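Both of the next two complexes hold chain A, though its partner changes from chain B to chain C.
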Partner chain A sequence: MSLDYSTSEFTIDRDRDRCIDCQVCVRQCANEAHYYDEEEQKVCSDEHKCVNCHRCVTLCPTRALSIKKHELEFRANANWTENAIKDIYKQAATGGILLTGMGNDRPYPIYWDHMLLNASQVTNPSIDPLREPMELKTFLGRKPEFLKVENGKLAEKLPPQLELEIPIMFSAMSFGSISLNTCKSMAQAASENGIMYNTGEGGLHRDLYKYGRNTIVQVASGRFGVHPGYLNAGAAIEIKIGQGAKPGIGGHLPGEKVEAEVSLTRMIPQGSDAISPAPHHDIYSIEDLRQLIFALKEATNYTKPISVKIAAVHNIAAICSGIARAGADIIAIDGYRGGTGAAPTRIRDNVGIPVELALAAVDTRLRDEGIRNQISIVCGGSVRNSADIIKAIALGADAVYIASSALLAMGCHMCQKCYTGKCNWGIATQDPNLTKRLNPEIAVKRLTNLLHAWSHEMKEMLGGMGINAIESLRGNRHMLRGIGLSDRELNILGISAAGE
Partner chain B sequence: MLQREGEVRIPSGCAISGIMNKKGKTFSGVDIIRSISLMHDRSNGLGGGFAAYGIYPEYKDLYAIHMFFDDKNAKDTAEHFLNEHFDVEIGGKIPVRKVPSIVNAPIIWRYFLNPRKDKIMESELNEDEFVVRCVMNINTNMPGAFVVSSGKNMGAFKAVGYPEDVGEYYMLDTYKAYIWTAHGRFPTNTPGWWGGAHPFTLLDWSVVHNGEISSYGANARYLEMFGYKCTLQTDTEAITYIFDLLLRRHKLPLDVVITAVASPFWSEIERMTPEKQELVKAVRAVYSSLLINGPFSIILGSRNGIVALNDRIKLRSLVAATKGDYLYVASEESSIREVCAEPDRLWAPRGGEPVIGMLEGADNI
Partner chain C sequence: MDNNSTSNRKRIYAKEEVCIGCRLCEVHCVVAHSQYKNDIVKAYKKSPQRPLSRIIVEETRPVSFGLQCRHCDDPKCVKSCITGAMQQDPDTGIVTNDESRCIGCWTCILACPYGVIKRDFKGRKVASKCDFCIDLGGNPACVKNCPNEALYVDEVRISNDGGSKEKGGTIK
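Up next, the complex of A and B:
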């Protein structure tokens, strides 16, 4: 075995004056970065194992710990950066694909932060959400071209719709990649707040069927846990074609995470890797997608809207037009910053396009074709706050998917090590000693708080723009101005520059 | 250099007024001019206009096309187009009076015409839709030519100036109509272009509007999917198209249309009967992009009557009154009392609650 060239990413700073050697950090760290030295009778650290998840820092009763970036520096080189060098060491040592978790962390432009919102001054009044009604209710699903009304009654019923109290949904995260407690928390928070959560491709655990009215069940290329009962359990079905974090490849759940309950729910042997094929093996073209859409509609007797989720890639506008014409009721677009439990680093960091541009291009294209009103668009990857949501809706989204934000609300600290199964916050793990750390009651409360906080903020921003119903913002790009963008980018986003 | 209306979006404040006789009895434009001129301070001299119904009884079966031309070239191009697509019965200058404050007038003509049968056959459209497409074509593709109005037995008269001067200029005291609506504009920019004044019209529809709608972008982009071209970028234009789409093309009853543009709140919808709830929910789901948001008071005119409407939280003033067969609506009570000192009934309609004045015998607007 040759020498391991890898060095620590972080240093663990333990204030010896404060540390009482209580060993809380030892028990909390699943990575075993802390240990108790019996001989010395004191707690020590092996910083090499630290992933900077803040679990020990947060739980240390005497606040003795802090984690810092390791100061070890390579000779300055703008081309061969620290990451570039270390990745080579890792691959030379293992011969494997580099893995990572969560969304793209590279410093690409974040278009949300290059768009500014409007507010009313003089010529029309801003509306005060404390004193006037302010509406966020949103319907997702296929809309007819026009309504038929006879004798004061609706002559033809609407196709099935998802009714959201706020235009936010929890995005697809599978049981397996995340713990049952985490799924349960989102399911309950969704049902308490009148929104939807999404099962991801992990099937539906028997304890979660009761949240069916607020569940979107996913059908992905691996078809894990898909059976008639599952399809009929949710309020909608989503066909997952792709995911923003890893366009072009399928989901990957390492066998270590496939314990008894996951095995049962996914309908696969315990301990086996759950590797979804890159494409659906029954969808090699758009006409095949149409067949699956209608197979699912048949299986559920046309009672549920069908969503198709795709990763934002270069030709997204034309693809979405095809999806709309293939009979999908909802299109979910996932940007390249979307999170994941596990993805090859090179794919996560280099494949796909920003969701802001993708969303604008799709909305524009569908309007040019005169079919935007017939279907709903959901955008995700990554939506970080209420302003991102407002901007997404102004660009043309009906609603947004949030996943990383929801995990953060439940305690995730974005250490990007979801794929190891050692999540110290009890989220992206199946280890019973870790999963019990996430208390669903508290997590539901925190998710609810987040949704409430964002709703309030959205209402304030809407009111400022003189709008009292979210639908009047949808596709209303007059409310956006670009800052620090090229003409080409402004053109794609369909917005004017600040000052115009 | 200042951009012309349509190249830039210009918000405006305004005054509006409307008078109709429900029996269809026609009366001169004197009252409507008096009514709108009382609200002089609500406009700033940069736009005024009128719509009048019943003014061309001798040509009532022909489309009356009122036109502005910037120059003779534009007129030639547009006339060539009109001759190609329509049988023009008669055309001529719209007579005007010299008024010192009204300057920079375009060439103002009107034509009475019908679509050519062969063109209708070729286009596979009905007459109204054919006329709409032609109007859109002229306004979008023929620089310097602008269709002011295109309905039957009605017309719009507008200019840059105060509305009372505009009324004087077009000699509206000499016309007789059973519906008059009027508009005084307070744009926050200097368009200096006559086409930008209001009312805005399409076929028989005319809209005068006070307010700046914050849903404009959502409304306009939805309308564009149905072939409308919002060339002026004004709220009034978008509102006119909304009514045209819902009433004429989608054939929805007026109350459903009102539900779409000034929807009841969800809290109110929850209290409705299940049947009503189903309808209203469907309207809000399907036509959500046509909700008109932000402050507005409008008067929609058609050959069958008028509808006056406020936004759903009444961010603009609107007053209505009746006296005998007459219905009055205006931004301010004083401008109703100016022409009808003792109305039988006078009230301020609630937000989202329409005032409907239907001509006797008409069943939908």
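Up next, the complex of A and C:
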């Protein structure tokens, strides 16, 4: 074997004054970065294997460990950065495409951080959410042109709606890409908090059917695990066209992750690669999409809203207009920061557009065409906190999808190594030694805490603006001002500049 | 004890499905029984005769769980102890070994059906076993420090005639 040019990304600092050689780090590292030297009778580390997931750091009882960026410097070069050089070494050694996990980490602008919220002062009163009722309830689905009321009752049945206690849903992550315990935790947290979680394209494990009222079942290009029982098990069906992290390409679950339960749930042979084609082979036009939407509506007797999830790409407004006209009830837009269990690095880092711009463009277009009521908009792709949600709703979203935030709540440390199947936090893995590290009881508590905390914060922000219902904020872009944005960007976002 | 009386007794249970085999319970057990109860580093580096862990993590991957003295209703170790060092508190049901009276004959080890008593040769040879951390107050150190909540304390109702009513049957 010729010389390997790769060098360590991180250094493991072990404070020998604190280390008690208890070997907790050795037992916890699935990458085998720590080992016990029998001869020396002490714990040592091979930093080359470290992915900086913080599992050992967090569990070390004496806090003896810290992980730092390796200080090995290439000669300073603004063009040939360390990453650029190392990527070439990697590809020259393997001949393969570069893989990564989680969302786009490049330093592109984050538009959420270029928008500021309004608050009431003197001329209108702010509202104290501790003293006055504040409404976050949200309904997703097609809304009629007008309501016909006879004898004080609705004369016509409303199209099917998804009822959410708060405008947040856990977005699609498949069983296969993540562990069953992770799916269970989200399903239970969704059902306890009156929101939805999404199966992703991996089918629905038999243990999770009981959470059906809080489940969105996904139909993706691979059609894994799709059968009539599955379609009718959830509260809504989502057709996945694209994913923000990898627009234009399909998914690939390596055969090693397809163990018995995944195989059963996906209805594919054990150990076989689960490859989702890039396109749906029965969808080449809006008309084809309409056929699938109505096939699914027929299959579920028109009782469930149908969502279509697409990645935010160029010309998204026109595409969403087509989706609305194809009969979808919900559009889910996934921005380029959206996460993934595995994606080619070049795709993740270079394809798609920011969800903030996409969301504003879509909302504007649907309003201009007079069809905004026909469809709800769900915004996903790096919603990091409650302020992002408030801004998304002011830009025109009905609700948001969160996935990375939910994973972080359950223990993810963003090491971006989901694709290796060695997730030390028991999330993106099927290894039975690792999956038991995620205790659903704890995870449900943590997810619930996050939802509660964000609800409180959203109410505070709404109250500050003098608004007492999330409905009154939807598409209310007067509540937003841009900071550090060009006229063109302000124009696309449909907001004024700070000071205007 | 009155033959018809009932009382609540605390027991430590393990949840095998979420035990991650990190053995932090063992580390904290050692610390809790050392002379530096609030300083892990000192407990390990300064105790000349560091105590043994009284909880044992049984492991055949991926299965693992922490096992310690069950504090049986009818403890064989107490019955077999030839010096009376091994005693059961009639109120709490906690079985402890009085190390000043223990002579290290290991009869208790022979009698224990769970294999949770260890031979401690570090000082005077004595039997080492879980004492429910009665000196610490509150929950035992292993339960308090389990990072994945795989150990928990539950109360079981004891009646003197029929033993404890608990999951997995009576512990006798």
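Keep in mind that, in the parts below, the second predicted complex is superposed on the first by the 500 of 500 C-alpha atoms of A that agree within 3 Å, B and C clash if a C-alpha of one lies under 4 Å from a C-alpha of the other, contacts with A are read in each partner's own complex, and residues count from 1 in each chain.
One rule holds in what follows: a residue touches a chain if its C-beta (ideal position, glycine included) is under 8 Å from a C-beta of that chain, and two chains touch if they have at least 3 such contacts.
Keep in mind the model is a prediction, meaning the values are calculated, not measured.
Per the definitions stated earlier, placing chain B and chain C onto a shared chain A by superposition produces no clash, and the two fit side by side. In the overlay built on the shared chain, the residue A:K137 is in contact with chain B alone; chain C does not reach it.
With both complexes superposed, B is the one of chain B and chain C in contact with more chain A residues.
Looking at the shared chain after the overlay, A:E471 reaches chain B, while chain C stays out of its contact range. When the two complexes are overlaid on their common chain A, residue A:D17 makes contact with chain C while staying clear of chain B.
In the superposed model, A:G370 lies in contact with chain B only, and not with chain C.
Look at A:N124: by the touch rule set out above, it reaches chain B but stays clear of chain C. After the superposition on chain A, the angle chain B-chain A-chain C between C-alpha centres rounds to 120°, nearest 10.
Superposed on chain A, the gap between chain B and chain C at their nearest CA atoms measures out to 37 angstrom in whole units. Chain A uses no single residue to touch chain B in one structure and chain C in the other.
Of all residues in chain A, those touching chain C in their complex are 17-18, 20-24, 27-28, 59, 61-62, 431-433, 436-437, 439, 441-442.
Against chain A, in their complex, chain C makes its touches with residues 17-24, 26-28, 40-41, 44-45, 61-62, 145, 147-150. Touching chain A in their complex are the following residues of chain B: 9, 11-13, 188, 211-219, 221-222, 224-226, 249-250, 252-253, 255-256, 263, 265-267, 275, 278-279, 282-289, 291, 293-295, 312-313, 315. If you check the complex, the residues on chain A that touch chain B are 120, 123-125, 127, 132-133, 135, 137, 139, 143-144, 146-147, 149, 152-154, 157-158, 161, 367, 370-373, 394, 465-469, 471-479.
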